[in-house]
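Structures incoming, each one as structure tokens.
In the two assemblies presented below, subunit A is common to both, partnered first by subunit B and then by subunit C.
Take a look at the complex of A and B:
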């Protein structure tokens, strides 16, 4: 990101937001690091590029040095002795480079810290500070603005959403011969509001198509919305909690208008974390209706025998990539595994996996930031090696952001794999559909 | 990349930083990076439609329009451009990187 100028007003703003986001929990984490440096081994960016600036502790230090200057006695009296830093153009530019370009916020350092410091959340505070003075990478800023102004991150019009829904449903009916398949839009009184990643509408519709077939098979009552259909939240990536709250609220207003009973999130890592876990904190109220991942819903269909699968239709070896925001942060760990056990013949875990899985390299908004292109590919080598070691030919991943990074890793490291969503594999195994 | 004596610059994601310098030779060179040895008529249909749509709307077109205009199915589009419509076809068409999760 380009170097930015900071005036006095911005310095005051930055200092103020620091006070606003601090609580007892955060303060103790900020002051607890013993600088053992072991976090380096947990970080895919440090492992790919082992320089001191890439140590998770160094990134967190950019935030804690500012904290110490204003919120500890020793930092106020002897800043140089305790490594405390003032808010300045220099320190804020260094902070931006650390928290946006050297960290995907994957949180692997947090769960592996020797004394339990939540390093990734400290880094996130750095993003909060920078968002408050509107100094975030332009790609994250523009994408957030798209969401605020048009309702979705890719500025897809309501007309286009409607036309695409018709087109996908037409193709699907032709492919399967199942007349009941449709993609309802703005259907008042449907049971479920299904949120999708705009990437599914604009570029990669096969996952939405698969979900529509699964819903038809389960005889589900569902709808998408023509305006607020977006499962993502770029306010969250930006550290811009105010925008994140507006984006969350828009969806609940839409749900109210459509009188749905539940919101179901398509396969999206950060979207799940933002809507399922962070949103209620931003809105400072309890959600009126439940929110869950489509993975949890598909597993319910399988258990309740609302859909039946013939896994012999998926006979190519499959491995699974765990999106950090869904798995490590979000706690959705077993549904995708139980689904794959029912949907594919030959499944192999990559190592490490579940909450210890490595980031794909494109998380935390880094996929969108062009400046990070090289680092993304370099730090994705760990993931590429993990995949190659499984000898699987299909990598399933319940996240569109990860899927795009994996596509690139496939190209750059010549992995010879195919990347699919869980829904696509389930659709492929659906029993009542004759293909 | 040098084409007809001009330096063609790319961002770190491989998208053109000066889309106005795009021409068919540039497209072929980017396509080579994508593993497309020969741009077929179908490739050109997709690329030219994306290019023209972008010039008019300052946005990449939705995949529905691309498929319908080029008269191909979505799976065929992924075969033509293995990196997909955004990082594959839009990049060959000389567009700047689309916003969001791509």
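Take a look at the complex of A and C:
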């Protein structure tokens, strides 16, 4: 992120916004850090590049130093003695570098902190401050604007989406010979509104195709929306809670219009966390209808025998990458494992796994920030080593963001793997479809 | 405890304890008062059998037990020596508060306990103060730690060393009760200003984080 200038107005605004976002949880966590420095080994960025600036505590310090200056007596009276600092061009630039370029917000340090400080949430507060003064990486800013203006981050038009849905369904019918397969768009009264990642529509249609086959197999009533179909939320990545709230609200308005009973999110880590957990906070109201991950739905289909799988169709060794936002921050830990147990012959866990799994390196919007490319790939080595140690040939990941990063890691570290979504593996194992 | 029989330093230590408790209570109140209409723990969730939603209480228990154990928490698992040393120091600090109350309530009759027992505790507090010395040396010599440290970090731990050492020396009969009470008073006066306030916020953040993770079905594991 390029160095930015900050005028007096912005400094005042940052100070005011900081005051506003300090809810009880934030200030408790900011009061609790003892700077023991034991969080380094839990951070993939620090492990790849062990410099003090990459210590999670250093990143949190950028926010807690501001907190001490404005919200503690000692910081007001003796700022130098307690490491407090003021809002200034210097401090805000340092903050931006720390929270956008040195942290993916994966939260691994939070669960391993000796005190229990939620470091990742402190980093998010830093992003919130910077978003309020519009000093966020241009890639995140532009993508958020795309979502606000066009309804999706890749500015896919309604026509484009309709055409894609048609040809994917056509291809699928030809491939499987199952005439019932379709991808309904804007179908009023469907039970489920299925949100997809625009990446599925534009570049990698296999996930959408797999989901359509699974829905057809389960005889599900579902639809996608032609305008607000995007499961991602770049307002969340940017720390721009206002935009994140608008993006969330757009989806619920669409759901209301289509009179659906439930929103199901395709395999997207941050999209899941944003819609399932954070959205209610941004909107400051409870959701009118349930929101869940497609993984939870697929598992339900398997348990209810609405779909039947033949795991012998997936006989190559598979390992699983746990996206931080879905697993550590989202609580969807076991469904993907239960699905894989039913869908593949040979499944091996990475070590560590589940909530202790390492970030792939592409989280927190870092995949989109061009200046972070080198650090992103370097920090991904931890993940590459994890994968290599499993000796698996397929890495299943329920997150498109992670999939993009894993594709790059595959090339860079010559892993010789294939990256697939859970839906793709399930589709491949579907019994009733003649392939 | 007869208030008339209390000397000035004892009264001052009681005053400083009250100051500490009130100041911390105000800080906790302010941190709770600072809200921005957050629905953080009223997040909408649906119950299903794929995750353990709404298990905040179990998550809190978990976050104070298994989640803190060196078998799970990396900050303990990967640094067993530092973890143990830290544990010893904190054990000493908790015991020293008990000793402080004993000094106020039954002082000076505490010294009529068997000499061997007094010396045993004297050695215990000496050990805990040594643990604090090791942590201070670590902070001074570790380049990364030095970079993230400020005056408060050094001052707080130095104060703990003096505090624990004074109790040890008191049990060996080297320093008087008044010295212990004076140092303890100073500790209490300082707690709300520096990092030592984690004595309260440690519990708050572990409860807070557990509630979030429990609600989302991540904790307990």
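Convention: the second predicted complex is superposed on the first by the 435 of 435 C-alpha atoms of A that agree within 3 Å, B and C clash if a C-alpha of one lies under 4 Å from a C-alpha of the other, contacts with A are read in each partner's own complex, and residues count from 1 in each chain.
By definition in this document, a residue touches a chain if its C-beta (ideal position, glycine included) is under 8 Å from a C-beta of that chain, and two chains touch if they have at least 3 such contacts.
Worth saying up front: this structure is predicted, and the values here are computed from it rather than measured.
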item: Clash or fit, subunit B versus subunit C on superposed subunit A; value: fit
item: Partner chain in contact with A:167 - subunit B first, subunit C second, else both or neither; value: first
item: Partner chain in contact with A:139 - subunit B first, subunit C second, else both or neither; value: first
item: Touching partner for A:216 - first (subunit B), second (subunit C), both, neither; value: neither
item: First, second, both or neither for A:367, with subunit B first and subunit C second; value: first
item: Subunit B versus subunit C as contact partner of A:155, first or second or both or neither; value: first
item: Inter-centroid angle subunit B-subunit A-subunit C after superposition on A [Cα, multiple of 10°]; value: 140
item: Partner with the higher number of touched subunit A residues, subunit C or subunit B; value: C
item: Subunit B versus subunit C as contact partner of A:411, first or second or both or neither; value: first
item: Which of subunit B and subunit C A:112 touches, first, second, both or neither; value: second
item: Closest Cα approach, subunit C to subunit B, once both complexes are overlaid on chain A (Å); value: 25
item: Residues on subunit A lying within both footprints (that of subunit B and that of subunit C); value: none
item: Of all residues in subunit A, those that touch subunit C in their complex; value: 19-29, 31-42, 52, 55, 57-58, 61, 72-74, 80-83, 110-118, 276-277, 280-281, 283-287, 290-292, 295-296, 299-300, 327-335, 338, 354-356
item: Partner subunit B, residues of subunit A touching it in the complex; value: 139, 142-143, 146, 153-156, 160, 163-164, 167-168, 171, 197-199, 201-206, 232, 234, 367-368, 370-374, 400-401, 404, 407-408, 411
item: Subunit C to subunit A touching residues, read off their complex; value: 27-28, 30-40, 42-46, 48, 50-53, 63, 67-68, 73-76, 78-79, 82-83, 86, 142-145, 147-153, 155, 192-195, 197-198, 201-202, 204-206, 208-209, 212-213, 216-218, 221
item: Contact set on subunit B toward subunit A in their complex; value: 11-15, 34-35, 59-60, 62-64, 67-68, 73-75, 82-87, 97-102
